[in-house]
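Input: one structure, supplied below.
Read from first to last, the chains carry the letters A, B and C; within each, the first residue is number 1.
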Amino acid sequence: MGRTLGELALLLGGELKGPADLMIEGIASIDGATPRDITFITQRRYARQAHQSQAAAFLVGPDQADLPRPRIIVPHPYLAYAQVAALFAPLRRRWPGISNLAYLGREVELGQEVSIAPLVFIGDKVRLGDRVTIMPGCVIGDEVSIGGDTLIYPLVTILERCTVGERVIIHSGTVIGADGFGFVPGAEGHLKIPQLGTVVIEDEVEIGANCAIDRGALGETRVGRGTKIDNLVHLAHNVTVGEHSFLVAQVGVSGSTKLGKKVALGGQVGVVGHIELGDGVQVGAKSGVHHSIPPGVTVSGYPARPQQEWVRIMGHLPKLPEIYQRLKKLEQQLTKLSDRLEKESAT
Amino acid sequence: MGRTLGELALLLGGELKGPADLMIEGIASIDGATPRDITFITQRRYARQAHQSQAAAFLVGPDQADLPRPRIIVPHPYLAYAQVAALFAPLRRRWPGISNLAYLGREVELGQEVSIAPLVFIGDKVRLGDRVTIMPGCVIGDEVSIGGDTLIYPLVTILERCTVGERVIIHSGTVIGADGFGFVPGAEGHLKIPQLGTVVIEDEVEIGANCAIDRGALGETRVGRGTKIDNLVHLAHNVTVGEHSFLVAQVGVSGSTKLGKKVALGGQVGVVGHIELGDGVQVGAKSGVHHSIPPGVTVSGYPARPQQEWVRIMGHLPKLPEIYQRLKKLEQQLTKLSDRLEKESAT
Amino acid sequence: MGRTLGELALLLGGELKGPADLMIEGIASIDGATPRDITFITQRRYARQAHQSQAAAFLVGPDQADLPRPRIIVPHPYLAYAQVAALFAPLRRRWPGISNLAYLGREVELGQEVSIAPLVFIGDKVRLGDRVTIMPGCVIGDEVSIGGDTLIYPLVTILERCTVGERVIIHSGTVIGADGFGFVPGAEGHLKIPQLGTVVIEDEVEIGANCAIDRGALGETRVGRGTKIDNLVHLAHNVTVGEHSFLVAQVGVSGSTKLGKKVALGGQVGVVGHIELGDGVQVGAKSGVHHSIPPGVTVSGYPARPQQEWVRIMGHLPKLPEIYQRLKKLEQQLTKLSDRLEKESAT
């Protein structure tokens, strides 16, 4: 299923430098490429490795236009890489139709070309859009609705009444719609607050493996269109994530917090409940966010504060022992000086 | 399945202010409520929103007794909310009886009205109490015992010989009884220590989604009665959690650590192994606890220290660059002063 | 299935002090032991408890050679414990052969004595080595290869084309081979980069419960021989972990980072992408590693720095409020002194 370099250049709308009929069989990293692969250079520092690479050809930006190897010059080599990778991706194999080893409840509505693998449980009144793929071992609760072209990897749980949009991808082990962590503290322990809400996953969201997105206590937990969520992320009840946000692995967001559009949370970030992070807020990895943050601000640290301030503080942190020593020395010098002056004025 | 406002007031033991025959069909948040819903006000700052709310009626505390809307005055509106939510919660649908798409091992003991959904695996000599519910896709190992009225959500794993109490709730994806992380380090790598113990989950515990609670190396890992655990929490081998404790999402507790009763760990807290946190200890979100903590103490930070001390330190942290500058200035001034005095005394 | 103390001494190559025919039925912790158990003392501080222990006999080191109880003296009591625990471990029960409640794809290659439990899904062209055990509810994708004597606990997902070595243990809920978190950011949101690579788990690796190990974007994500991984760990695409490394619970490692051999990461550590941690690097619990670290170095903190430096800084951190007060006082004293000198020289 190869493509010629000329075909690729045409598809990418890039400038071909090299033999149009060069056969490309796959795409690989600069050091993993064989003479049948194309590779790509996204940063100048990879240029050196390019000379040793066995790759047949390169996707390069204008800054690498002179690379003395067969190449396609494109404005954004990283984007071109994604496009070529999509060409060479093996076809996703789907179970053809509805497995007779799956369990389907009553009044299930199935669109065209739905794929339900063996060992899947589908509850009552579930609605699956066209070309939905449910891989083995998934459990889909009653009255769940899943939009067209959505792909659910193995062993995902989606609990009753939750809604998943179109072209969504949910990776294995993820749980959508578990009860939020809601209790009334009392003298005799904690009284459970029934979690009556749902989860809404909008179109084109991707959710990684082993995440947990809880249903609203009342109302919804919502993940906005195009948002991408990495592995092992926790979203508590009634969290709202705006469109096109980006949550890296092991992030946790507490109840009722609202993230705006295009918010980016680094790995292992924690956000407390009942606050708002405005559109475009960025939070550095491992930070703990305790207060609302206005749109467009980048923060870091624990507790999180404006990025530049945090960097400046952290830059001074290692000086702390030295500061302490210098302070002690100063105190001694000043005492000495004062004593001397006392003596002098006494004479 | 509505209730009149009068019925609700009676059930809650609250004071009715408004039409007793007002029909209430559900409960919702202040801004999500429709004219058929009741809502609740737990804090004075929500009072303003109350005026715009479409809710038919309100659950309010004595401080909001004057709210000019149909209302029920109760001592604890949040508790009243939990009680009313329980009234309006949809009936949990359970698989009626034992699915013939489930696998049951030998010598399984089943109480009255047990529900086992399709695609469940039950090992040998498992004992399930009255009205236990096992949802689809669960795997219950040999000799596991589960107490009456316990609810196990889909795709939960409970491994051999573990014990789960009565009225327990375990959410999807959670793993009870995986091997503890025990190895003897050696020159040739790590020798596995067989993990021979079990896990005991006491009555009325609730455990969130995708948690991992390891079996004891020897003896037990134990979660005390009434304790509530959020999503993605890790409890290592031989950890003990006392009664009515509260572990927020993504907490990790290392091996053999003992948490007392009514301990509260904030989100993403880490606790090292082989220490003790006394009854009533509270730990702020994202803290790292490296030492035992006496009963009743609240700590925060990394490494965790008494809350007030930590807050004070963190309050000074941003001043660090300024401290450094002021220190340098002081040193220069003192040097100048000393030099001048030297000169003066030389003359 | 008891053993005499004499037999145990012989098996361990230890020195027997006590009755050779003393019957031992199990192994237990010092305070959990019954008169039918052997126990062990690994640290001097446990010696006191030994006197109260009901254990029939003890595994002790040379420093406890005088313990006035039946005992076996060995060089490493912790190692001896692991060896004796292996003797007393209950036999792992395996499904005998291939369950007819499992689904097997086409062209599956099975070694000798493979065990496949009910409710397992095995894709096409899967290769399972001799004595592989697949417990209930697992999903094994197309073209996965699993080496001999490997044990896969319930509800594990291993996705297409991944490779697992021999004598590997993978605990429940873990996901091997989900897509890496790769997107090209654009004005219109994030374009998915197809994740074409695989995961390679080498021999004798153990992976805890509910971990997520993503496939390479291109090429491999690789976990080296003998490495042990605790629960809820995240390894991003193209991460490489060297041999005999040790990753404690809730660790996260970002894309393309390389960990050397015998690297040890404490619980909840986060490591950014595209860096290298040399052989033998150790990272303290909850640290955040932002830069490459040369071999053999121990680091801690956030951001992580050499352990001793970090300890020193943290030791001074509580002094920060005091430093600030002392600095202010110094400034006042110096101002006073300067003023006085001004006055004096004016006279």
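Basically, a residue touches a chain if its C-beta (ideal position, glycine included) is under 8 Å from a C-beta of that chain, and two chains touch if they have at least 3 such contacts.
Given the structure is predicted, the values throughout are model-derived calculations rather than measurements.
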Homomeric contact chain A-chain C: same or different residue positions, threshold half: different
Turning angle required so that chain A lies on chain B, C-alpha fit (0 to 180°, nearest 5): 120
Centroid distance [mean C-alpha coordinates] between chain C and chain A, Å: 25
Residues within chain B bordering two or more other chains: 119, 137, 155, 173, 210, 232, 250, 268, 302, 317, 320, 323, 327, 330, 334, 337, 341
Sites on chain A touched by chain C in the complex: 27-29, 32, 76, 78-79, 81-82, 85-86, 88-90, 93, 101, 117-119, 135-137, 153-155, 169, 171-173, 204, 206, 208-210, 225-226, 228, 230-232, 243-244, 246, 248-250, 267-268, 285-286, 302, 314, 317-318, 320-321, 323-324, 327, 330-331, 334, 337-338, 341, 345
Residues of chain A that touch chain B when the two form their complex: 103, 119, 121, 124, 137, 139, 141-142, 155, 157, 159-160, 173-175, 178-179, 181, 183-186, 189-194, 196, 210-212, 214, 217-219, 232, 234, 236, 250, 252, 254, 268, 270, 272, 288, 302-303, 305, 309, 312-313, 315-317, 319-320, 323, 326-327, 330, 333-334, 337, 340-341, 344
